[in-house]
Amino acid sequence: MIFSLIIYASQTASQSEQSALRFTRNALQQGHTFHRIFFYGDTVTSMSNLKITSRDEIDITDQWLELAKETDLDLVVCIAAAVKRGILDQQESKRHQKSAANLKEGFCLSGLGQLADAIIHSDRVITFGN
Amino acid sequence: MTSSTLHIINKAASNSQLYRDCLDSLHDDDGVIFIESAVYTACGAEPEMFSNFNITAYALKTDILARGIQDKISEKITVVDDGEFVELCCLYKKSVSWF
Amino acid sequence: MVTQKKLLLIFRNPPFSSSANRDNLDIALACSAFDIPVSLLFLNDAVLQLHKNQQSHLLEQKDLTKTLNALEMYDIDQCYVIDEHLARYQLSKDDLILNCHSLAREKLASFIHDFDVVINL
Amino acid sequence: MTSSTLHIINKAASNSQLYRDCLDSLHDDDGVIFIESAVYTACGAEPEMFSNFNITAYALKTDILARGIQDKISEKITVVDDGEFVELCCLYKKSVSWF
Amino acid sequence: MVTQKKLLLIFRNPPFSSSANRDNLDIALACSAFDIPVSLLFLNDAVLQLHKNQQSHLLEQKDLTKTLNALEMYDIDQCYVIDEHLARYQLSKDDLILNCHSLAREKLASFIHDFDVVINL
Amino acid sequence: MIFSLIIYASQTASQSEQSALRFTRNALQQGHTFHRIFFYGDTVTSMSNLKITSRDEIDITDQWLELAKETDLDLVVCIAAAVKRGILDQQESKRHQKSAANLKEGFCLSGLGQLADAIIHSDRVITFGN
């Protein structure tokens, strides 16, 4: 079965991103595939590479990247949600003449069209939110 | 595969409006799964509120164990592990998340 | 060939209280542009988002009313509210900026049942 | 200056647990002010829930006007502007925010 | 000379659901270090934060239990719960990781009345 | 009267920061003073200088800075809340060997001791949260 997920919750404010990650791991183990993981709303602030996680805590964002390495997940961060919260890739940073880019490598900024595409091409769309 | 809906709810029952909206949205043969803070709803008398409906209520084992309430889960609730949660999402035709 | 799926977007928040209503509207516009048939359901406090006479400039916020009014241009004309939820806030359909279908609360479950994908922000 | 508390609540009454907790916390002569989404609570019958208490209920004018509900505010509610909100925070000895 | 103020921190969230409980605890520790007398009130779902036998590692989260257990070291021993809220979750004081005073719900208002500053996250 | 405020709400997710700003303006007009404005929790993500506000929207963060210029407000962003959400000043950026700093100029990172100090030295502490 082909899944897509929408994740809509600040990482610091909820367990949603962790629930979504566990769901993805388990679905992949069962042989299902993922068309796309779409990060929307306040979730996008997790994808900052300036974030500092203390040694006794686990950064869920890095676990998405590890999983993506093994399984070719398409991790899309909503570009409109990202730029208004100060999460920029090189291109957006240059375009808006900002001093830095801070989107974690491995995530990709793109538009809501990617969510529409995910709805069209997935058997199931599951939302994890808060 | 059924033509029904899996309702995924993740807040404690103190969010009563959320629960009312979810209850109003339950169709015959729909399922409800309690995840995250909603697993407390699977304790004791709380699942009664779902008993007027012909639905199956599930609760996610990992979230139950993390909260230390494994001894309090109502007998009316089917406890499922993370893998079975995925299977439920396949079994039901679509999901609606309540948060 | 991909089968056409019917998408329902459920709104649950009052105006100015979170970005969820705007985020959900943006999904509606994007999906409509991809020819996905979109319906909008304003549950509970979300009926307040449709109330006429809002003055968002007083809160220095962007006006969602403009986007809502533009929905028809995007061929999104399937908007729903629940009678009982309107009544709770002493509203009638005339108080709303959109032309909405009203649903009895008892019909909500079968209404939702008919969609293929539901996003509930 | 009183020795009482100003309770500042900013959510709609659909957050019923929040309102119950706020009600449980009301001492004689405390005040409640409805701001942001809580101004809807100042409409029609809703303020009844506060009528068992010897408290004054206020609602913030800017938030009422922004939501277009100025014609619906209950007579039991004292509508205050932004400046008067500040004055209330001085008048009451402390505030408790409910959100 | 600055008069000593009594601070009450109100907790309202169940565990793992938001950062509010941890943020509130951090306020408790900081204020205690400044010799502000601190009391903690666990309202409603927040009593669940005190439940024994939690296994936060299953959710890959940091354990708030350790910080709660360290409160006494910081001379914060004024922790309160409401009887009725414990009962709602079929909990007794023995099920809690902290030694809490229990309050009748009817006493809540006069309890809060006695503090000088209240932070309710 | 001497006020301090705690602001505890994501700017994108709530009206709280705007309510706090209006409160501050009005209190200052009445001749009250502010010991400190303390930004805590998800609020801190508003203080990113990488944030892009579209032309038809108003950035509340900049209005705090304008008000602070006229009236010498002490705008403190909780350092622990900030670094774990990827909001860094030059010093934190260097200390954690990150590629950039992104705290908006005019705000200052500091610890919860500043909140304790605000409680001690203010007549009123008001929380605006979500």
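For clarity, chains are labelled A, B, C, D, E and F in written order, and residue numbers in each chain start from 1.
Please note the rule applied: a contact is a pair of C-beta atoms (placed from the backbone, for glycine too) under 8 Å apart; a residue touches a chain by one contact, two chains touch by 3 or more.
Note that the coordinates shown come from a computational prediction; the quantities given were computed from them, not determined experimentally.
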Quiz item: Which number of steps is the smallest that gets you from subunit C over to subunit F via touching chains?
Solution: 1
Quiz item: What's the overlap between the neighbours of subunit C and those of subunit E?
Solution: A, B, D, F
Quiz prompt | Far-end chain from subunit B, centres as C-alpha averages | solution = F
Quiz item: Quick one: which chain's Cα centre is the longest way from subunit E's?
Solution: C
Self-check item: Intercentroid distance (Cα basis), subunit C paired with subunit A, Å
Solution: 26
Quiz item: Cα centroid separation between subunit A and subunit D, in whole Å?
Solution: 39
Quiz prompt | Between subunit B and subunit D, centroid-to-centroid distance (C-alpha), Å | solution = 35
Practice problem: At least two other chains touched by the same residue of subunit B: list those residues. | Solution: 14, 17, 36, 62, 94-95, 97, 99
Quiz item: Multi-chain contacts in subunit E: which residues touch at least two other chains?
Solution: 16-17, 19, 44, 59, 117, 120
Exercise. Would you mind listing the residues of subunit F that make contact with two or more other chains?
Key: 12-15, 41-42, 125, 127, 129-130
Exercise. Just spell out which pairs of chains touch, all of them.
Key: A-B, A-C, A-E, A-F, B-C, B-D, B-E, C-D, C-F, D-E, D-F, E-F
Self-check item: subunit F partner contacts - residues on subunit E that touch it in the complex
Solution: 2, 5, 7, 19-20, 23, 26-27, 29-31, 33-34, 36, 117, 119-121
Quiz prompt | Partner subunit B, residues of subunit A touching it in the complex | solution = 1, 3, 9, 14-16, 19, 22-23, 25-27, 29-30, 32, 124-130
Self-check item: For the subunit B and subunit A complex, residues of the former touching the latter
Solution: 8, 10, 35-36, 62, 82-83, 85-87, 89-90, 94-95, 97, 99
Self-check item: Residues on subunit E engaged by subunit A in the complex (per definition of touch)
Solution: 16-19, 59-62
Quiz item: Which residues of subunit E touch subunit B in the complex?
Solution: 14-17, 44-45, 48, 51-56, 58-59, 89-90
